[in-house]
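One chain, chain A, appears in both complexes that follow, with chain B as partner in the first and chain C in the second.
Our next item is the complex of A and B:
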């Protein structure tokens, strides 16, 4: 009996989702007769078909309305301490726009770094945080003076500050030797002084001499590129390091880091490191985070649809005239979004033809749109 | 470092030629109509896929439990 029912259930495999099949396998009691089981499965099938979106339903429009309406109630305030001390996070509408436009540079790039077990005591977390924080030369200097006459720059190292990052003057001197090509470096008079002398002693090098000061300040002496601020916080009994600025690739390669949970809010970084499917998931998660933080409620299917559209070409594309809209085949549809004249001109020059197969262009010329009951058409078999 | 198990990355599997033909027939689509994935995508590096292969992606959907998605590999 049991076998019979199982074969019956698996015969529905191509019409029902694997989750439902699995559930049916587990939950339909084996004591029912074959006839009853068949009826149950037919009922499930009926309910599934009913729950599906009807062909021709304009899901994109419904999604746009469903996201747009609560969007009007969101805060416009970008700077907001979102529960995290001393760290600015973009929230509300500005963040939502950032996500859906797939902005290349976002206002507050962040990372959440989880550490592996055995590396997560408070002490270890603190040392780790210090290890990855990007430290520039400017932070360990107490004084910089430019001597125009001798074409020299002398740096006073604040040894105490340097020591807290595990550096001393000799190490910094060594580092500068490799970083600066046009200057020769040497130890100055006192132990914490470094002198830079220009290699080619020309008089018109004044500009460069001044320029080098700015360049010096930005030399990285410690930590990881891009990570400007670190903040260890406790979350449900576990330490998480929040960073401002992100460098997902290098952080994931570190031994102490739990590379399964560590993530960032920069979608392009995720696309580069984890691939397009991860990007889709990140779009959904980031959007849900924004919406929930505002106390709003949007059905997740709408967000999933948008995320799917943004990732369908294998590359992250924003909902802008450079992204998703550019992919549209119809000239009129593209022109209806932004910069109409530009689109008209370029397509006229290229001799593009609009086949009027989609919605927007048919609205424009007052024809029935291929949506809902407007979608099906009659086909006659010619004999 | 392997990104395969990262929380954001769903399971990617490569379809064999037979499975590929069956899938296209079942879904009534041509290869061009499927969503795409780049050959250089980091999630498919361990699979050693070639272009025009189909990648099956087993997503954990919030609304439907497990759901299956397919992408075609492009250059």
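Our next item is the complex of A and C:
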């Protein structure tokens, strides 16, 4: 009996996809009769055929409309976290545009860091968060004074603040020694004072003396580059660290981090660290996130199509005239999307030929567009 | 410590005693020793005194308060009502003074007498002064959301009314005149102050708030056709047509006449049928589109030496003024005058009776506008037990989301007013009490909540719900379909693109735009799309050798290539004219676009 059914199922091999066949093999109980099994398989086949997109269906345009229309209803633009001023997230239409344009620098880069089992108690999460937060010298200074006459800069360290990051004046002094090359550093009069003296005492160094103040402030004394703010939050019984700013590569290298679940909203960072397949998934995930937050509903296949188009060349390409549109073969189609004259000139110089194979060109010259009813044609055999 | 004093932003000096100086200034102003429109302001943040007397500051009057007591006392009110004193006397006596935006910053203004404390420096003359004139015309305005008040006041500005008593000798551009305007039953104090009775702009109608056959959904209203036939909301629309007789060089001028048949551009005889001998239409002529209103001819356009031998010299051009597409009216009033440049000017005012029809816009005074969805004869409309039939049916769904409580209150209040034969005061913050109105309604023999049992006009069956019905002041707005509707199947095209023109004035088409095009593509309706875009379809001869656009040589009756002449095959290709234009524009950019042709079969 079992064998009979198996042969029956495998006879559908050329009409159904391997995953469906495999599922049918596993899930159709062997107790059913051959007749019933055949009926089941025929129903599956019918449903599969029905689910297929008809030839000539204009899927790209339907996707564009399906995403574009709900886009007009999006209202909220930024989301703020209570209590943390620096933490806000771009959402809604601006974020959607950001994703589809594949912007190099996004407005609010973020990370969601999950920690491995055994590192995820509240205390551990808090200390970890503190560890990776980028701390600048400015945050532990109480006063900076520039002495132009002696070409000296003296820093007053706020020991309390420094201590909360596990630092003291001596450590900072050591750090500054390695970071500053044109200055010699020394302990000041009081214990929390550091003095910087210019190594080459020239009179025209005034400008540098002034500039050093700004430079000093931006010296990183602790944490990870780019992580501007951290916020541990509880999410279904687990602690997650939300960060403002991102540095996926270095975070993933840390032992405590669960690299499977940690992610960022910066598509380029993902492409750089994890590759194009991950980027495609990130596009889908981020888009769905935006749409769901607005209480809207778009079929995920539309978004998948867009993500595929953006990633199909192996590198991330935005839906802009520098990205996806540039790949179009038709001169007229490219020209009809932003900066027409530029496109006309470049393709004229290259002597490009427009084969009029797509929609936009044919609308322009008012010929039937090759989708839907415009696709099929009659072929007559001439004797 | 000395405080700096600036007069009209210019430094003047310092004063030592700030409080005394301020007090002194105000005292002297109240006594009339300093100009009443001058204001003083102490800026606490920077510690400066600013005195301003420039023009352009908006001032508002307030009653002065001293030690928690209003300086305006009973005696003043009595004298005012008796007409013994005027407003100016009060300002002269230092009872009322004007504050500008700056001095207001230093003042503490009480809303009414009950609020007064010793802290207060001023009191509002009326709490309603928070709004402007048109907004104060909204009855029960304090029951509304502020945004609805704004809409309500905006709508009133567009209402058709009795705008000027001398309308019949005026040549206003696009004016409307209501035929039987009424004074509102529900009025505010501002209606009295602004003499609203002399230029009313609406009518008191019976309104039922209910749904009826769905014709009033989504901001629609149902009108009683019988009421409309009796003259409800009827109005006239006036529009002038004018022609100036210009003078040209060489002593030539435009002439006012019925154009001669020899005239260049002569229309048909029928078009001139309404003109009298002087070339002007006779009054009360019923005109339709294309009819000439003012007959005019102009001298020939260019005169050059060749014309001496030309037989057609001296032929004048026709330049009459005719009614445009879709226009109609009756010649109402004609003036002959002179323009600013001293040319002869003929103006003919057209009149048209506008009876409310489907698509006309109506509104109450609460920002509750609606478009007429259907006109139903009285016989088919719901009626109450006493036989009252609504003139207008308004949808209940319009109220819940917009929260215009005043709309509901007006209906109730005006019902009381209509039954008790009196006006009801609904001034902002100072209106008649709702409970009192309800009580009065009950005493008049109606349900105190203004609902009534109603019967379906068609079946005669009693309706299950009681209907909220009463009177309201409704305005007809000047947006009427007759001015706006337009259709076209074929018509004028643009010279450059050969595509249909745009806009009603040019008898244009409705554009099937980019996004509309996408819907056709998404449905795969390719051939339908092509047909929709066929408006500028042309067959263009294309040279197969050079790929350039060829031409038809009329002399040799041959198609020719612009480069190879007769030595090339030239074939007609069907395309949109806009694309041909694009090809030409590319040529002008220095790009050579070849069209490579292939046999279709």
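As a working rule, the second predicted complex is superposed on the first by the 348 of 383 C-alpha atoms of A that agree within 3 Å, B and C clash if a C-alpha of one lies under 4 Å from a C-alpha of the other, contacts with A are read in each partner's own complex, and residues count from 1 in each chain.
The rule we apply is simple: contacts are C-beta pairs under 8 Å (C-beta built on N, C-alpha and C of every residue); 3 or more make two chains touch, one makes a residue touch a chain.
Remember, it's a predicted structure, so these values are computed and weren't measured experimentally.
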Contacts of A:56 with chain B and chain C, given as first, second, both or neither: second
Contacts of A:19 with chain B and chain C, given as first, second, both or neither: first
Which of chain B and chain C A:149 touches, first, second, both or neither: neither
Partner chain in contact with A:359 - chain B first, chain C second, else both or neither: second
Touched partner set for A:374, first chain B, second chain C, both or neither: second
Touching partner for A:261 - first (chain B), second (chain C), both, neither: first
Chain A positions touched by chain B in one structure and by chain C in the second: none
Chain A partner contacts - residues on chain B that touch it in the complex: 1, 3, 5-10, 12, 26, 35-38, 41-44, 57, 59, 61-68, 71, 74
Chain B partner contacts - residues on chain A that touch it in the complex: 14, 17-19, 252-253, 259-261, 263, 270, 272-278, 281-282, 284-285, 300-301, 304, 308, 311-315
Interfacial residue positions of chain C with respect to chain A in the complex: 517-519, 521-527, 529-530, 533-534, 536-537, 574-576, 578-579, 582, 586, 589, 591-592, 596
In the complex with chain C, residue positions of chain A that touch it: 56-58, 61-62, 64-65, 341, 344-345, 348, 353, 359, 363-375
